[in-house]
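The following block contains the structure, expressed as structure tokens.
As written, the chain order gives the labels A, B, C and D, with residue 1 at the start of each chain.
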Amino acid sequence: MRGNTSLVVRLASAGLVAAGLLASPALAQEDTIKVGILHSLSGTMAISETTLKDTMLFLIEEQNKKGGLLGKKLEAVVVDPASDWPLFAEKARELISVNKVDAVFGCWTSVSRKSVLPVFEELNSLLFYPVQYEGEESQRNVFYTGAAPNQQAIPAVDYLMNEEGVERWVLAGTDYVYPQTTNKILEAYLKAKGVAAEDIMVNYTPFGHSDWQTIVTDIKNFGSAGKKTAVVSTINGDANVPFYKELANQGIKAEDIPVVAFSVGEEELAGLDTEPLVGHLAAWNYFQSVDTSENEEFIAAWKSYIGDDKRVTNDPMEAHYIGFNMWVKAVEKAGTTEADAVIDAIVGVSVPNLSGGYSAMMPNHHITKPVLIGEIQADGQFETVWETPGLVVGDEWSDYLPDSKDLIADWRAPLSCGNFNVATGKCGGKGIN
Amino acid sequence: MITQRLFVAGLTPRIQIVIALLVGAAVLVPVLNLAFPPSSPFHVPNYMVALVGKYLCYALLALALDLVWGYCGILSLGHGAFFALGGYAMGMYLMRQIGARGVYGNPDLPDFMVFLNWKELPWYWHGFDQFWFAAIMIMAVPGLLAFVFGWFAFRSRVTGVYLSIITQAMTYALLLAFFRNDMGFGGNNGLTDFKDILGFPVQASATRSALFAASALALAAGIALVAAIAGSKLGKLMVAVRDAESRTRFIGWRPENVKLFAFTVSAVMAGIAGALYVPQVGIINPGEFAPANSIEVVVWTAIGGRGTIVGPILGALLVNAGKSWFTGALPELWLFALGGLFVAVTLFLPKGIVGTYDQWRAVRRERRLAKADLPSGPAEAGDVRIVRASSATSPVPQGGPEPQPAE
Amino acid sequence: MTKNHTILYLDGVSVSFDGFKAINNLSLVLDKGEMRAIIGPNGAGKTTMMDIITGKTRPDEGEVFFDGTIDLTRHDEADIAMMGIGRKFQKPTVFESHTVEDNLLLSMKGPRSIFPALVHRGSIGEARRIDEILATVRLEARRADLAANLSHGQKQWLEIGMLLAQDPKLLLVDEPVAGMTDAETEETARLLREISKTRSVVVVEHDMHFVRELDVKVTCLHEGSVLSEGSLDFVSSDERVVEVYLGR
Amino acid sequence: MRLLRALGLILLFAAGFGAPAHADEGELRTIIAKFATSKNFRETEAVVRELAATGDPAVGRPLGALADGNLSFRKSDGQVFIVSEAGGALTLLDPLSGGRSGEAASREVTKVRVNNSLRRAVREAIGALTLNSPDAGVRLSAAETMFRSPDPEAIDALDAAIAVEAVANVKSRMEEARAAAVLASDLGDSEKLAALKTIERRGDRTALSLLAAVKGRADGVLKGAAARSAANVRETLSAWDAAQNVWFGISLGSVLLLAAIGLAITFGVMGVINMAHGEMVMLGAYTTFVVQNVIRASYPGLFDWSLAIALPLAFLVAGGVGLIIERGVIRFLYGRPLETLLATWGVSLILQQAVRTIFGPTNREVGNPSWMSGAFEIGQMSITWNRLWIVVFAFTVFAVLLYVFKFTAWGLHMRAVTQNRRMAASMGIRTPWVDALTFALGSGIAGIAGVALSQIDNVSPNLGQGYIIDSFMVVVFGGVGNLWGTFVGAMTLGVVNKFLEPYAGAVLGKIIVLVLIILFIQKRPRGLFALKGRSVEA
């Protein structure tokens, strides 16, 4: 059934693109509300993003079962930006100006988001971005439903410091912007907490690094200096599996040197034998193992939709779940899908998250989330060992970076500014103009 | 005088038509985009302007590759590197144009440097606030890299597959280098969030149309340049080097200089293509250095027909239009289609679309001449015509020019 | 030394590839204006000797002088070609995707740098010279044909024509009549004799009839060094030559 | 985890040994009941310490269960049990006796939450109690734990254990633990000097940090001795570091060799630029995945044999696909190597997307069989079993290939065809057949490389992409058409990379290696093991 409809959708959108290539696309049908899905289905990022495309199709179908939105059915428009960053911009433009979608859910890497930002700004549309990222950004047309560094990294470090008594830190990451920024923030944070410079080791590796022998040995050596050591890992995607395999084989146990990761979720663990990794940690805002009735329902519905009992759920999926429901609620509140109205309506909207609370869209276009620290279990799931007592507000401008600590974002009128400087009282960074 | 002499050669009617088409598009598309309201059937939407503008930059890149591969026999698997370097030079200019409008409001440092705690602008970023300087760098950086790389490689007589692989190593090394945040080029995120170019907002329709026109004109100029080179004695020499390198050496030419010239000119063209590409897509990042991208350029050129001037342009336009269409229409299946296309073209159209068409036409003409059963006089005249065409569009003979890796 | 009056002077030249001595203490002297035929069984080092003379291979030891004074071991192929040594390969090597005329145009004596080539325009003198060469190598009728479409023998001639266009002092001609008909062979011999009136020529050839037709001094190489030298009759009556050709 | 489970049982058996204190059972149960009321990890940890302080070996069972995450309490009455899951329902076991005391649904009980520091606390708490365990491995880890957290009060217990210890390895670990304890005690200098020597003999980084600590707090003779010992240890360690780097290099080289050797055949010998080579590796890895899946589902006992079963299958699958590619595409393109590049690039896109469609885009789990898990030590160098096996495997594959090429009729045919196709054909060799089989062989080798790589890398549709460029570099660096060149090339690149990595970092190291290859090719335009002489250039 689903296969058929989506094929029809595909053919229809194919026709639309063709029409768009020929003449001005004035033929968009008005009986559905279109939602764009901008996730890579091929190339290096397909590994993470394909699930999110499925999640969105699932959410849209669920919403249509409930009667759609504003009395219309929702219609998904799927495109494949193929892990090619300029293609993201092209596809975003196509979704908005040719397919006339009202909102886009998509992107994973920071660079793909950066690539589409100007397009959303220019064409005044909406993007819901579901992945944890480095912060230092707030844009009027973008809603950041993943974690900012303060919703992931800093609580994790606090946990290790307080609960595990860690005194020596390895900050290991893939060499790109998210780890670099997060590690800068963490370094500043750790030093503020009195950690000496020689007790911090920073290490960067290329994307897809697969030979971890040297680095794991270095970590082992660094950790044998008599002080309790932990690794804070911002290692990205593909490189994680060989990293954890090497950790397990070199016999680094979580009790000796725990590794806390910000990019390893249930999906990544599905490719691993987790028995030797029990006790290593991850910090997220959601785990599949969270014990709430909302989550149970969500997982059951997801598994029956995807037709695979083994499929896991993860944090970015929850982010899309929250973001999608927020958009639905904001559209209902505004009574229209028109971008400006939705942007005004969505701030303050609060929807249930899957961990038993409510997440709210803040004026900075980030959302409130609980922070959970989980330990890897032998069955490939996480067990929550700690969580923040309340919800944490996503902080787009880090307090630990000198140039961003005075900035705030507030997209409500009259301020309506993404980089308001509280020191100078002006919009626009340092406020020199 | 000299330029005049240079440019008359090689301008066959076909190339004149393509140049005329491009110049026409450079005028017409902006007019249709700006002068007609979106509701008019004559309106060209912004989306199309941006898309086709991007394709034209790819076409210029493919043409640049064709100059070295089709005419000189150097299969570069690293041409994306020159494209990306030109793009980065333009990106650096555009970054400096942002000035204090970045999110941190720092007038000197781009945003990514601010939040990574850079204190001052690295030396190699100086000067890029001036367009003329950036424009020189757009050509000089890829040109210089190609010159230095080619100087060593061609002098050492690295040929064939070895050369292809080290060009790939070059672009791969640059990819890794530009990924490094310490390099000061924005790491994986690259350069983005551009505001102005030459004082005009990059997002504005008029600027987009102007960039489109610039791309079309640059491509037209590129075609004229390649046609002129191909039609000159040097062009003949390039083909000679491609077909029998040692022969040229034993009659006193230095093939390494010929290759170096072609490689450098081609790199500069690729750099210009990259520079025009960046403001139109709004981002430049290390992904452009990926070896897969460079291989894709080779594929466009092969599909269109290497050793012809129109072929690579046609190939670049067709493959990219196909990619745009497939990724929207058949997102799960498009790699099958693209992969199948590559296999089919190499198997069934080894000379590419234009090459095969030329061959078919030549065969048909021969047949017609044979049917007419004319004496030798007119037949010779016909031959002369073929000869003229072949100096600009030089079909690659099978087997001969290819490097043979296995010895 | 008699070096000064020679066009080509090789003394004690040796070269080895991975332990195999391709040329072993070879000495050869060619006077100005002389034509010399070189024979020898396969693997005797004939082609390697040509490689050394034209700068493609560097000898491990020994002296190689051109025109009495120029040390060829210090120059590369292009330099040597410009000094006036032309070489025809064993396998005919012409620019197949060019016309016969363009093949000659590219070989024409003149500046060999990039920018003159870019703005080059044919002159009347050049056209006349091309006509002359075409007449010499009997290819007037094929002037506008692609070289790829020539017969094997015609390619050989074209290659010789290309050497002539260079206006060399010394021609090295490697197996010019391989694969030719008898008539063509005869024609080629005539052509070479004509050329040798104005230039020095070294011909490597297996075909004894052809060598006889050339009627010049013959050098027989074996295992990288000179086995015998003299008139063809002298050489072919040399026992050692008979031995290496016919086996024991 | 398994270790702790075993340990709990052992403690029970060892109850009578060494006459440890026996606490009142009721008292123990009172303490255990506190697990149900502890609100956070700190409180739980206090309960653990309290239990351990009783010194009763019976606490081993509940503590072991706690560490394994099997300790729960009933919501209704707060009673603490060890739970074991069987078919949906939970069996409740008594925490002390281990006897069955009922069943419960999973909703009725709450797990006593545990984290790393708790597990560590449990380990330390029961460490001293396990010195007399009958299992040498348990004694070893007990000694190791005591070395890391030296306690002067444990000296007597250690002395007793050393006296009866028969396993040399365990004994020396115990002696080291004792030495560490001595250094932490207030014993005399002579005892401590001897202890320093013992620690120095141990010679690893933990010893070094201990020595540094002693140097910091001691004075007089002891300070000097500690400084000398530390210097000695540092010296031997740096030698071991170099050895370790060589090993890492060989290990990386073996991975490169495996990835590249199939390419050395298809590219080097046949002149086909096979861009789909990486996908052959990927197919091999997926074959391993499928084999393991079947084994997990149907024959779990065979799991340790899964790789052995996967090897021939991967060879056949990848080789078969290679054969199809050769017959379907490549045979039309001989003599046009650059066009094989384009066509195989297309094939690689198709294969990647096919795998993505069939198996999904995410990573697939390929387990390590037990004989490929863990590590062993040689001196101060730790060698992981999976790396060792991959090195052995790579060398074996290389040797077999060399043999096939040099000494079999097929190898002779292959060489004949690649050197002179027409001549070979006229001598009666069926050249198309040889071509097809050679290509299939190269692909098949890539497939079995995939089996090995599945043990250390992701099994995802992108697997092959990560290796293709490195493979080309190896083949070109080594010299096309020469298997030994590929071998030496792979090893050189591996070792150079690993020696650069500590100084330049992984990213810069890789860039430097690439630049070195580019420069090297200038010097030797045809690679390391190029043929010299006239035949090379036509």
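Observations on the structure shown:
In the analysis below, a residue touches a chain if its C-beta (ideal position, glycine included) is under 8 Å from a C-beta of that chain, and two chains touch if they have at least 3 such contacts.
Remember, it's a predicted structure, so these values are computed and weren't measured experimentally.
Contact tally for A-B versus B-C: the pair with more C-beta pairs in contact is A-B.
Averaging C-alpha coordinates per chain and comparing to chain B, the farthest chain turns out to be D.
Chain centres here are Cα means. That of chain A falls 36 Å from that of chain B. A separation of 46 Å divides the Cα centre of chain B from that of chain D. As a whole-number value, the distance joining the C-alpha centres of chain C and chain D reads 64 Å. Among the residues of chain B, those in touch with two or more other chains are 176, 179-180, 246, 332, 335.
Of all residues in chain D, those touching 2 or more other chains are 352-353, 465, 507, 510, 531, 537-538, listed in ascending order. Among the residues of chain A, those in touch with two or more other chains are 41-42, 175, 204, 206. Residue ranges of chain D in contact with chain B, taken from their complex: 267-271, 273, 275, 329, 332-333, 335-339, 341-343, 345-350, 352-354, 357, 418, 465, 469, 472-473, 476, 480-481, 507-508, 510-511, 514-515, 517-519, 521-523, 525-527, 531, 535-538. For chain C in complex with chain B, the residues that touch the partner chain are 54, 56, 77-78, 81-82, 86-87, 89, 93-99, 102, 105-107, 112-114, 117-121, 144-146, 148, 162-163, 165-166. Within the complex formed with chain D, the residues of chain B that make contact are 75, 149, 152-153, 156-159, 161-162, 164-166, 168-170, 172-173, 176-177, 179-180, 246, 291-292, 295, 298-299, 302, 332-333, 335-336, 338-343, 345-347, 350, 398-399, 402-407.
On the side of chain B, the complex with chain C involves touching residues 2, 5-6, 229, 232-234, 236-237, 239-240, 243-244, 246-254, 257-258, 261, 380, 383-384, 387, 390-391, 394-397, 400.
Within the complex formed with chain A, the residues of chain B that make contact are 38-41, 43-48, 50-51, 54, 100-107, 111-112, 114-117, 176, 179-181, 186-190, 192-194, 202-203, 281-283, 285, 287, 321, 323-325, 327-332, 334-335.
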